[in-house]
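Please go over the structures that come below.
Common to both upcoming complexes is subunit A, partnered first by subunit B, then by subunit C.
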Partner chain A sequence: MATVTLRNIRKSFGTTEVLKGVSLDIADGEFVSLVGPSGCGKSTLLKILAGLEPQNSGDVAIGGRVVNHIRPSRRDLAMVFQSYALYPHLTVEENLMVPLKLRRLNRMERLPGLGHLMPGRRQKMHRIRAVVEETTETLKIGDLLARKPGQLSGGQRQRVAVGRAMVRKPVAFLMDEPLSNLDAALRVHMRAEIAELHRDLATTFVYVTHDQAEALTMSDRIAVMMDGEVLQFASPDEVYHDPADLRVAQFIGSPKMNTLPGALGSGGAVSTVGGYTFARAFDGPPQTVTVGLRPEHLAIAPKAPNGRAIPVTVRHKENLGSDFFIHANVGDTGHTMIVRTEPHTAQSLPLQGAAEIWSVEDRAVVFSSDNRRIYASDELRGIGAADLALAPAGAAQ
Partner chain B sequence: MTGRAQARTVPYLFVAPAVTLMVVILLVPVAIAALLSFTDYSLGNADFSFVGIDNYEDIFSRRTYAKMIASSLIYVGVVVPASIGLGLGSALLISSLRFAQDFYKAVFFLPTMAALLAMAIVWEFMLNPTIGSVNALLSAGCASPFWHGLLSGAFLGVDPATSWYGNACATGFPLWLGDRAYALGSLCFIGVWQAFGFNMVLYLAGLTAIPRELYHAAEMDGAASAWDRFRLVTWPLLGPTTVFVVTITTIRSFQVFDSVEALTAGGPSKSTYVMMYAIYEKAIRQNLIGIGAAITVVFLIFVMAVTLIQRHYVEKRVHYS
Partner chain C sequence: MMRSGIGETFKHLVLLIGVVIVIAPFYMMVSYSLKSPSEIQTNSGGFAGSQQPFVDEYCVKLGNPETACTVRPAVYNYVTAFSKAPLLRYLLNGVVVTVSIFLIQVVVALPCAYALSKLTFYGRDVVFSLVLFCLLIPVHAIALPLYIMLSKVGLINSYAALIVPWTISVFGIFLMRQFFLTVPDELIDAARMDGMSEFSIVWRVMLPTAVPALLAFAIFSVVAHWNDYFWPRVVITGNQDLFTPPLGLRDFRGDLDGNDYGPMMAIATVIVTPLVVAFLIAQRRFIEGITLTGMK
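Then we have the complex of A and B:
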């Protein structure tokens, strides 16, 4: 168990800069997810942390010790690879034994054939087998021990890969999209298992994914990466309800946050399409802004109760059983909005019919033209805003 | 024909041409060779008689043929492991280079691309005892105290006369291809020189097929030394390549002919009388088709044995899915 610190990591492949100064402080025992779109540098960052890829500049520290020049095998980390990277010629049991054999048996004892004659090898192998057995029990793969990876299903392979990382009790686990090859049902199941594993082991986890649902459900904190930068590093609630950057707001949440062009007037009033004005005052000089509105923070009806609303045309109704997502066009501006609503409200909205959308409690997040957040005057910045948020029902979808 | 009967015969009609061709081109010649091996047939003679297993008895009793089998086996026994070891070694070295990979690949592959018969002329010249560059170089070393001391082991305090080099300096260097003790060794050397580039290319292809993530996994698992990674990842994953390389190299080594024909013609005193050359000499030059066919059959049995061994003992163990 250990803290993991990345300080100003930079990495280029040729002339393309893949990581542009990434810093993260990961606490001991924390479960941290790295999320971001494909190609944003998540795997590269993880490989740099593991030592499999050298950084161009910056420091990696594990447990407070800078490990820049320490080779991967000495950093005492364990990694689960996206492709699992199991040794295809070894059985499941042998695969699980590899990390222990390499670390506990000395050079002579590992020699093929001759090694078996070395004194002391038998006791060591006995202990190794005991550890492997314990691990296979935890992961429920005891009946697969004699099989080779080629004879396993994707989910079984994934467990073996996790098992191979677990047998050694490393100071931190690194996982690179371990669930991306699994079907939806198995993915949800394994998500719970990995979370449980983290609770049991209480070891630091760094978990790479491009699936925001995985990140939101499993993590203590999420680092949202884009184009080689960490845009926000905060708890799932905070990332969801209090995004620091427009790109974070758009990446996290399903369906996506609605974004509309708007203007911040003098006096802090924000208005958007259709002349809709928010009652709250925002801090900032007059400028054009982007207004972000989560689907669950909007309401829709044929006629808004207090007259202040965005007029729209209903285009499509998405039935999720418990909820409806209404897709609507804003006049003829070309903007579409998605609103979550109850089934009985949805029934009162005819397709192609006119309706009105308004913001419940003015829950809008406003961003300047350089994607930075502009806070409302009465909003707590960065910290605690999530605590004010009411039902985060849409968060885990 | 009823529809039913037709339905049953039509499939056979479709495969008939392919099967006929296969039998006529591939199986009949082998069968004829096997048949001829029990006769005393020679080309142009109208009549011949069956001689039973006389030809085979000759092969397994006459000294010439014992030498033939021995020299073939020695040639295979040297060329196969040496060319595979060198091929694998050079493939590993080349694949670890950051640049100039293509240059080394081309250079090492040259001997395989060039016809061995053509290259044999160069070797014949180089190994010529009087005007050849090999002996010229070796004897030049005798005059230099440094090289003489190094190569004869005198720098270790050994008596120069007891070492091969020191002795050769005094009594003259071998005749190589003209010397019973060195001819087969020289041919083996040329065989290795020619074959290892081919094996290297096969191994390079095998190496590129190993996923990089497996090396990363090995490194994370604690395989800190190159040897550990080789044992854990490279060698097992090259298994299918190795089986293929061993089979191909063995068969090609059993078939060695052009360098023998060009350089030694089976001599001196039958020391390089390999099977292919024996077949050629008996069946073609001396027109003793019967004995030539018998050697051919023995040759085929050797090759078949190699193939079967690889299928039964190895193939199952190196394919992992």
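Then we have the complex of A and C:
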């Protein structure tokens, strides 16, 4: 149980700077995801937190104690690796016992053969077995104890890896893409299990993933990283609905947010392709902007009800059963948009036919040319995003 | 079908010739070790000889009656081998030397290979280049300096002289380093998180995962030093108690004016047998080791 604080962490490999001054405050018992495309520095950040990789500058504090020069094992963290990293020559039970043996038995007691003669070892081993048993019961892997990792399926190995992290009762769990080697169905299942495990243990979790869906479904807060920087650190809802940066908006959400070129006029009016103008006023000086529209905030029909719409050509219809995703080309501009719609609307749209797209309730997120958010005048500003946003008008420039 | 039949026949013919060339010396060695001197000289009796008892003339010369000196060839050859030379002592020396060399080589090579493959430190690549460079130095080139050094510290005619120069196996370091490169870094990170020291990682994590590669190395190392004639010849000067099997064989030949092929081939067979048996036992794992190191 501990807070985790990263302060201005920098790290370079040769001349490439992978982390450019990252700061994060993770509360006790919080589930935080570090999410970003591969190469954004999230795994390096996790390794620095674990102590497996030294940072060039900055501080790592766990439970308020600065641990910069403390060895990984002394930081009292446990880590689950992408490849699970189970000891291939040991059985599941022995794998689970390793971290406990290394902590609870002294050097003499760990000696092969001779160690068995040491007084007190039996009691200690008894307690270790009890902890292992308790853990295997929680994870339902009791019947695998005698097997070696090579004889387990991916999901079982994953559970054993989680178990090896759990037995130590660490102050925080670090997970480095633990689900990425599983098949899609199992991944969804394990997502729920890990979230449940977090609720049961009420321990701090730091979870690295490149899958935005994992981050959204499991986290209390998400740190979206790109190019060695944290772009936004906020709750899943806030990151999704109130992105502070264009790159965050594009990374989070599936299918991706539609982005169209636009212009912010002098009165705060934003217009985009096809002359479509939003009714809301936005705060900011006149400039070219990028308009972001989530597929579910858009509507499509052969003819828009109020005449204000973007004319498109339907190119492809993706059937998800409950919904359809309509892929459409915006005139000759080369832009494509994706709109979520109901099956009966989709059926009324012929392929290659003309249609019109409009924004429901004018929900658009607008970004300046340097990727920063431009808020509408009547919009509540995100707490985490406030300092990144252009507010008040033009002040941040 | 016909064409492939001819092709297959040709291939097998070529391979069979290869097999004959490789097997022939072994065949002769085992065959001679079973035959009587006259059969060897007349090249008769097939593989195992007729095993007709013959009279050992040396025994007769010593004044024994002929009936007491009548022996079966195979028995005669092997009994002579074991009685006229301290063959068991030679074999024991061979075991002591090869096993010590291999164990110390492993103790040195594993930490070196671990450092060269998994730790980052300034000058690592230079050190590795030096390792590769050392692979190119033939032992015969440095035999004399080594001999002088050992003689200055008074180690000539000792087990140490047979063992010490071989304890650092550059080939072993290279082979294990290549194998360790295929071990995922995450496994080492996991061990560090669990609280293992770097030395524990080498012995408790890397060693068990490297068993196939170690077996491959063991075969190379043991075969090379079991069969080595050059180095024991240099550092063992006269003390028969320290003779390794190849030295013993040479010594035996010298004793018996080079004519008594039967007992000599019996010695050769006895010397080769431990290696052949060890290989047959380890064969499966050995091939696993070779393919494992070659594949990744």
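One rule holds in what follows: the second predicted complex is superposed on the first by the 382 of 397 C-alpha atoms of A that agree within 3 Å, B and C clash if a C-alpha of one lies under 4 Å from a C-alpha of the other, contacts with A are read in each partner's own complex, and residues count from 1 in each chain.
Note that in this section a contact is a pair of C-beta atoms (placed from the backbone, for glycine too) under 8 Å apart; a residue touches a chain by one contact, two chains touch by 3 or more.
Quantities reported herein were computed from a predicted structural model and do not represent experimental measurements.
Colleague: Would subunit B and subunit C fit next to each other on subunit A once aligned, or clash?
Modeller: clash
Colleague: Have a look at where A:L320 lands relative to subunit B and subunit C in the superposition and call it first, second, both or neither.
Modeller: neither
Colleague: A:A27 in the overlay: touching subunit B, subunit C, both, or neither? Say first, second, both or neither.
Modeller: So A:A27 meets neither subunit B nor subunit C here.
Colleague: Have a look at where A:V360 lands relative to subunit B and subunit C in the superposition and call it first, second, both or neither.
Modeller: neither
Colleague: So, does A:Y87 touch the first partner subunit B, the second partner subunit C, both, or neither?
Modeller: Both: A:Y87 reaches subunit B and subunit C.
Colleague: With the two complexes superposed on chain A, say which partner A:L114 touches: subunit B (first), subunit C (second), both, or neither.
Modeller: Neither: A:L114 stays clear of subunit B and subunit C.
Colleague: Examine A:L102 and indicate which partner it touches, taking first as subunit B and second as subunit C; both and neither are also allowed.
Modeller: In the superposed model, A:L102 contacts both subunit B and subunit C.
Colleague: Could you figure out whether subunit B or subunit C reaches more residues of subunit A?
Modeller: Higher number of touched subunit A residues: B.
Colleague: Please indicate which partner A:G150 is in contact with in the superposed arrangement: first for subunit B, second for subunit C, both, or neither.
Modeller: Only subunit B is touched by A:G150; subunit C is not.
Colleague: Running through the overlay: 1-9, 37-45, 145-153 or 163-171 are the candidate stretches of subunit B; which one clashes with subunit C?
Modeller: Only one listed stretch clashes with subunit C, namely 37-45.
Colleague: Would you please give the residues of subunit A that touch subunit B in one complex and also touch subunit C in the other complex?
Modeller: Subunit A residues touching both partners: 47, 50, 52, 71-73, 77-79, 81-83, 85-90, 98-99, 102-103, 164.
Colleague: Can you list the residues on subunit B that touch subunit A in the complex?
Modeller: 211, 213-214, 216-224, 228, 231-233, 236-237, 239, 318, 320-321
Colleague: Residue numbers of subunit A touching subunit B in their complex, please.
Modeller: 47, 50-52, 71-74, 77-79, 81-83, 85-90, 98-99, 102-103, 110, 112, 148-151, 164
Colleague: Can you tell me which positions in subunit A touch subunit C when the two form their complex?
Modeller: 47, 50, 52, 71-73, 77-79, 81-83, 85-90, 98-99, 102-103, 164
Colleague: Quick check: in the complex, which residue numbers of subunit C touch subunit A?
Modeller: Interface residues on subunit C, with respect to subunit A: 184, 186-187, 189-196, 205, 208-209, 211.
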